[in-house]
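Paired with chain B in one complex and with chain C in the other, chain A is shared by the two complexes that follow.
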Partner chain A sequence: MISARMRRRTAALAVLVLLSLALSGCWDRVELADLDLVSGVAFDAVPNGGFRITASIVLPQNLTGAGGAGGAGGGGGGPAEAVVSATGATIGEAIAALGQGLPGHIFWGHTRVILIGEGLARRGVQPVLDFFLRSPETRLATDLLVVRGEAGPLLQLSPPFRVPGTDVLYEHLRRQREPRAFIYEVAQSIRTASGATLIPEVHVGPPAPGGSPGGGGSGGATAPPTLVFCGTGVLQRGRLTGWLNETQMRGAMWLLGTTRRATVELNSPRGTVTVAVDKVHIHRRAVRLAGGVPAVRIRIAAEGMVGEVDRGKVPLQDPQYLIQLSNILAASIRGEADAALAAARSEDVDFLQFGRLVAADQPALWNPVHSTWRQIFPTLRVVITVLAHVRYVGNLVRLS
Partner chain B sequence: METDLRRAVRELTERLHQLAALELNALWLLCDKLPLGAEPGRRDIFSVLLRRSSDLVEFDLPPAGGRIAHAYFLSSMTDTQVLNQGIVGGISPHHPAGAVAELHAPPTYGDAIRDVLSGCVLLLVEGIPGGLAVAARGYPKRGLQPPVLETVVRGPHEAFNEDLQTNISLLRRRLRDPRLVFEPLTLGRFSRTEVRLGYVEGLADPRIVSEARRRLAAMATTAAVDSNYIEESITDDPYTIFPQIDFTERPDVVVVGLTEGRFTILVDGANDALIAPVTFWSFMQAADDYYQNYYAGTFLRLLRYAFLTIALTMPALYIALTTFHQQMIPTSLLLSLMRNNVGVPFPALVEALIMEITLEILREAGLHLPQKLGTSLSVVGALVIGEAVVSSGLVSWPVVAVVAITAIANFAIPRWTMALAIRFLRFGEMLAAAMFGLPGILVVTTAIVVHLVDLRSFGVPYLFPVAPLDPARLQDTFARMPHWTPQRRPRLLAPAWRGRSGRRARKPEPTGAPGSNPRSTWRARA
Partner chain C sequence: MSPHAASGPEATDPSALTPLQIGVSTMAMIGVTAVAGLPTLLTAYAGQEGWISALIAVPAGLVPLVLLYDLDRRQPGLTLVQHARRALGPIGGLLLSLPLLMLLSSTTPLGAHQQADIVGMEALRRTPTVVVVGLFLLVPLYAARQGREVLARLTTLSVAVAIGALLLIGATSLRSVRGENLQPVFALGWVPLLQGAAPAAAWYAETAVLGLLLPFRATERRAAWAAAAAGLVIVGLQVSLVTAWDLSIFGPLADQMVFALFQVTRVSNLAEFLTHMDSILIIAWVAGEMARMGLWLYCLCLAFSQWLGLRDYRPLTLPVAAAVAIGACTWFQNASQFNAWVMRVWPFWGLALGIGSPLLVWLAVVLRGTGAGRRQARPAAGSARAACAGPGRT
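What follows is the complex of A and B.
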């Protein structure tokens, strides 16, 4: 039988335990006002082996939007983002140095793009990946880009369309047809059989001629420089080894099987037709040849429709012509794929992930060759079959 | 023995004005014991004991058959028309005495006095032992009015009022079956409130009914002025915040409960009826569900569960997400929140508490305010406070939005008692969220669910038929099944019940001349 006193003591103990629970809370709490939200970050190499970090930080007080407090619609004043920079011998030191100039908690949870300068990319991106993969705040699917030249200055450009400015980069990657490189994918590629991956490239181009400056009517100002995406970088074991031009990049995507849509300009004997390829089926397989030699077979099936007719009188109503056009489309895709394959062979980098393919499909073959893959790769037999159809010509058969 | 009692009562009565409290109580106890005889002094006892009630009327009836009769009644509790026609007229030689409604003979002094207090006319005839209590109750009562809390778009608009007899007749009219019984009880040491335990014999589980009877008999209260006085004394778990007995002001809801095998408790003076046993799910069912299309009913019912979740967790989720898990908020929303948060000096918890408490003030004030000032309060509350709190930088707009949505969602819970519980638990969720973020919300919500699983209402598990799971009886929990589906009674309520209650009228067979049937024509041709 529990006495009243015992019961009172138990109750007091329970209250103490419950109260002590409260003591353990709150420590990792960060209020919105204390958040320094990093919308984009750029890393560059500094000569003595260190790093320079450049971050664009959102200034919420300058953000404007519908329904702002007290009608603060246009009177925001200053820029919506501040770009800060710091250097350090390690990434951690650089970030600590960055933090000294900032009032709040540097928050990586909404960082949408990580830019790597060319110099650092050639030295190796592992330290950057390491930091972000360890940080609990960062998303694993954050886009990594490589910048031709210095990465830091690119953050300084703030395109007038969106806040935060890095949204322009992010949305471009999301919508366009370049390959994307998430930090976890790049990290994985270092350890995989092929050891190489592609990473989108961006650089600052000259101002668009006749472009108007954004926003608030500061007349006569020069047009802002544009961001140019063309081609892609090739990472071999985390180091930038070369670039692919646009044709090679498109070919690589055909061979990797990542193409979903494509727009191909075809020069037929009767005129120039642009075909929008919107149905793609790509089948990649590693096979075993006689004598235990691996080979790769890639089948590309593409269907498209006529997107525009640029020159000439094109008999779209003629089935024979459509067959001809389909063959030209197949040849065009094939040419792109061949260009990519040639680039991979000449640079001796397996960014087409053939090693991975062999390891997955023919593990018995992979084990004996994986140590000598670099020697085997340039002579690997690759059979590419392209099947293309131009199916839809639209209702606009004849305009002229 | 009886002589001693009588002497004691008389002595105490004579000194009535000098009696101490203890002696006064003793006097009433003795009155309960003392049989109402024919002794000559009994008039004095009544006169003295009831004299301090200024509404007592005492008069002598004209002698009939050579005997004088004395009548006592309270003018405040008696219908004078019944009195004049039925009693004064009835006892005259021209009319037989039995023309009046309800007659009985109180066995003791105590009973006789209580009869007078409850509106009877007490007749004492000189020289004849015992008395006659004639029910001629008549007191002011409210007419039938539409329900205040449980309004419906379609369906009956009648609500209970404070008169027990009216309420019983409202139920009888909807359930004309001899198996519907109302067991009489009197509760309240001083109030002597009339209470009825109503159930349908054969539908209600006799074990549950006898348990209800036992608990009602065992409870003690000074005055049962409202049904909640009884509800709180007979629940299974006296410490829980969740309602374990439902109350309703709608007779139709009670009738449905009765046909499902539940019992009801009607309390004189309370304008609602108690229904038990109930489950958590019945608090999420509104009468409206059953009066409109079942697709709409199901949709609204499912929505209500979403409202319940919002009402319980939305401010907590806001606090947890904005202070611990900013990664989980979409970037553009986070930027918008940050913009609105500029210049607000308080942590998210304090902001939310300021807003919640402001709203509680408004609600509480609105409840106690004279009705005519209600509109001005809502103007001050909704417009002025909302705008001023943000403009002065105390609270940010998103918090105002979150708290406002939460408050509205809370009102969408159909049962007031459940809404009250959720309103209270919300603060616990908020504190946990402020300390531990989402894990805190998870732990508190789990604790609530564990508590709910533990609860019972007259032995029926609170979460039945979800826990313990009874898939066949889930049909009316989340969805509102059509009235023509065969309904199964909650097993734990009425184990003896078998059979189907729903059946749909079939489409009539096509009628017509035999030749008009297409199939027979075809056969003839073949």
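What follows is the complex of A and C.
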């Protein structure tokens, strides 16, 4: 006769066996070898309102001897990534077309950069955001970049040092830190009071002078074109409305309070000095002026160290000179901030998020003005105070 | 001797619940689905102040606990269904227990449906819903049949895993948090706050179901109820914190994100090296749901067995689990229907039944005066212990 204890053990064993069936992943089981890992993807507009998708697919078998991207070969192990492209009336259709040319299942979970061509950005990035936000595979902290011109060809470049283009883009963004735009942040901006945001810009530049051939493995004698990061695109409700140059972009970072460190070149009367600003405190606040008018006050406190003396004989041992240099630094930051503010006003786009600031700090003021914010924004009073200190000269006072 | 005396042979009863087990059971029964489902609802109603709504709803969960405490003071050791039968007799008791049974019968498949939705959408998209639900019910079914001791141990383990996973996800998503997304505070007025608090209150009022667990306490009454209240407050704080976290990351997008906690895992990373934290959350979620479903299944079977006057609840576990699986698979046709039900019907349904079920029983007991003179009365046939006898004790 079977004892109660034995019955319990048998039941427990049966449950464990049944549970082990679930470990296989059921219907969703996908072998790792059957995944086509997308490391970077570019979206472009096609004339009939459709989309062209260009995806950079990792070739794991070649990763140990990574060569150039674009299927151009190079390196002992062949190309590290293959670039494929397809078009469709919708993103889903384009992806389905893309999948037909691939051996496995397209997996978006390792996508590190998403490039959007200028044409599509001007038409609106919502379809791209919608696709990635909806898909559970994608990481929402994936970088978005806007490309002047077509985005797809950029993935097919073979940059120097035999690394895939997506790695170059991602590492640049990771090191530079700001400006950086993640999928969820751009999507968020569409629903904010101002509806605007900045998105890093990249474009293809001419080959570096004296550069050596890249990793394309093509064997050609010409140096590969370079990737140029400068400026940002301005998105209003998900549509590209304009560009900021590098000065305006830096000014916008100061005014948005996102600058953490900066390298500023200062032209003083005695020479040119580069200051590394590494302590930054930015305080943004919306205030109420007499008559119930909103205004914005921004206080920028920056502290830095002389990083390099480029030209001239600068008296760094003179305390008065460092004070003078501090004033020049403050003026430089102020100039960049003014340039960004002027660009925002001229384009009539509140990418500096002043509307959001007023809504947060002065909700009673915001409620009556939010519907007419676009009329108020160009004439909004913005008080910028910059306090800058060049405190250290580094480990060297003077070389010559 | 009362089966729930603090001393004597019953004090060593391994199936009696310690304060820690009562606390974690409360957290599992309410917290697992609340943390997953409430943040989106709270932000949909109360915007950036949703986290405040999560806190102001907590008293709604304390009301059933206070009523249950007074019922236990009047007639110790009886479950809510037994209180009803004692107050109004077999027929009246049947009617009086109906709200509790309705709460249990609706919330158990609702929770199973929600977990199938989450797992089906986030992880197992091609697996049929019935398979997901079936797999999720296996362990709870086994645990519910084994009784309170197994359930309590499973819950203690699962809640620890779930809290650990939450802390890990919180820590790894810290870089994405923007405090300004929570501003302005107290700018919307009371109406949105109260609208947001309504679904949270309905969730918290599920403490009424503890009327089927608290009588089996191993310690004195005050410690057991304090543990349940502490569990509820921790759930409230958890929901509030997760909502604030979600809001501070997604800002105005938060009310559009389905299962917000899962979306937080999509921005979290550890030193840009360990990035796919969603699998950690799925592990925690599955562990928490196993415990939660086991407790709800146990309470549902126990309530039905006592309602029908059965001596043992265990024969009901398999058919009830099957009914729960069928309900979970067929109740809602799509996610939007489920969301609409949770937003528009659940606040009234959950709150009315959660507070109404102990309130009606308490009123009956007070009006019939069945407490004072019978404080030492033994539970009748079909009592808590009789119906809950575990294996080997029937």
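Annotations
Rule of thumb we're sticking to: the second predicted complex is superposed on the first by the 346 of 400 C-alpha atoms of A that agree within 3 Å, B and C clash if a C-alpha of one lies under 4 Å from a C-alpha of the other, contacts with A are read in each partner's own complex, and residues count from 1 in each chain.
Basically, a residue touches a chain if its C-beta (ideal position, glycine included) is under 8 Å from a C-beta of that chain, and two chains touch if they have at least 3 such contacts.
The shown structure was predicted, so the numbers you read here are calculated from the model rather than taken from an experiment.
By the document's definition of touching, of the two partners only chain C reaches A:Y184; chain B does not.
Of the two partner chains, chain B is the only one touched by A:V58; chain C is not. Applying the stated contact rule after C-alpha superposition, one finds that A:E31 touches chain B and leaves chain C untouched. Contact with neither chain B nor chain C is seen for A:A290 once the two complexes are overlaid on the shared chain. Once chain A of one complex is fitted onto chain A of the other, the partner contacts of A:G109 extend to both chain B and chain C. By the document's definition of touching, neither partner reaches A:V17: not chain B, not chain C.
Common to the chain B and chain C interfaces on chain A are residues 22, 25-26, 28, 109, 139.
By the touch criterion stated above, chain A contacts chain C in their complex at residues 4, 8, 11-12, 15, 18-19, 22, 25-28, 109, 136, 138-141, 174, 182, 184, 187-188, 191-192, 356, 359-361, 363-364. On the side of chain B, the complex with chain A involves touching residues 322-324, 326-327, 331, 334-344, 347-348, 390-391, 396-397, 434-437, 440. Listed in rising order, the residues of chain C touching chain A in the complex are 121-128, 131-132, 135, 138-139, 142, 176, 180, 183-184, 187, 249-253, 256, 262-263, 266-267, 269, 272, 275-276, 278, 391-392. Partner chain B is touched in their complex by these residues of chain A: 21-22, 24-26, 28-33, 35, 37, 58, 60-61, 63-65, 67-70, 107, 109-110, 112, 137, 139, 163-164.
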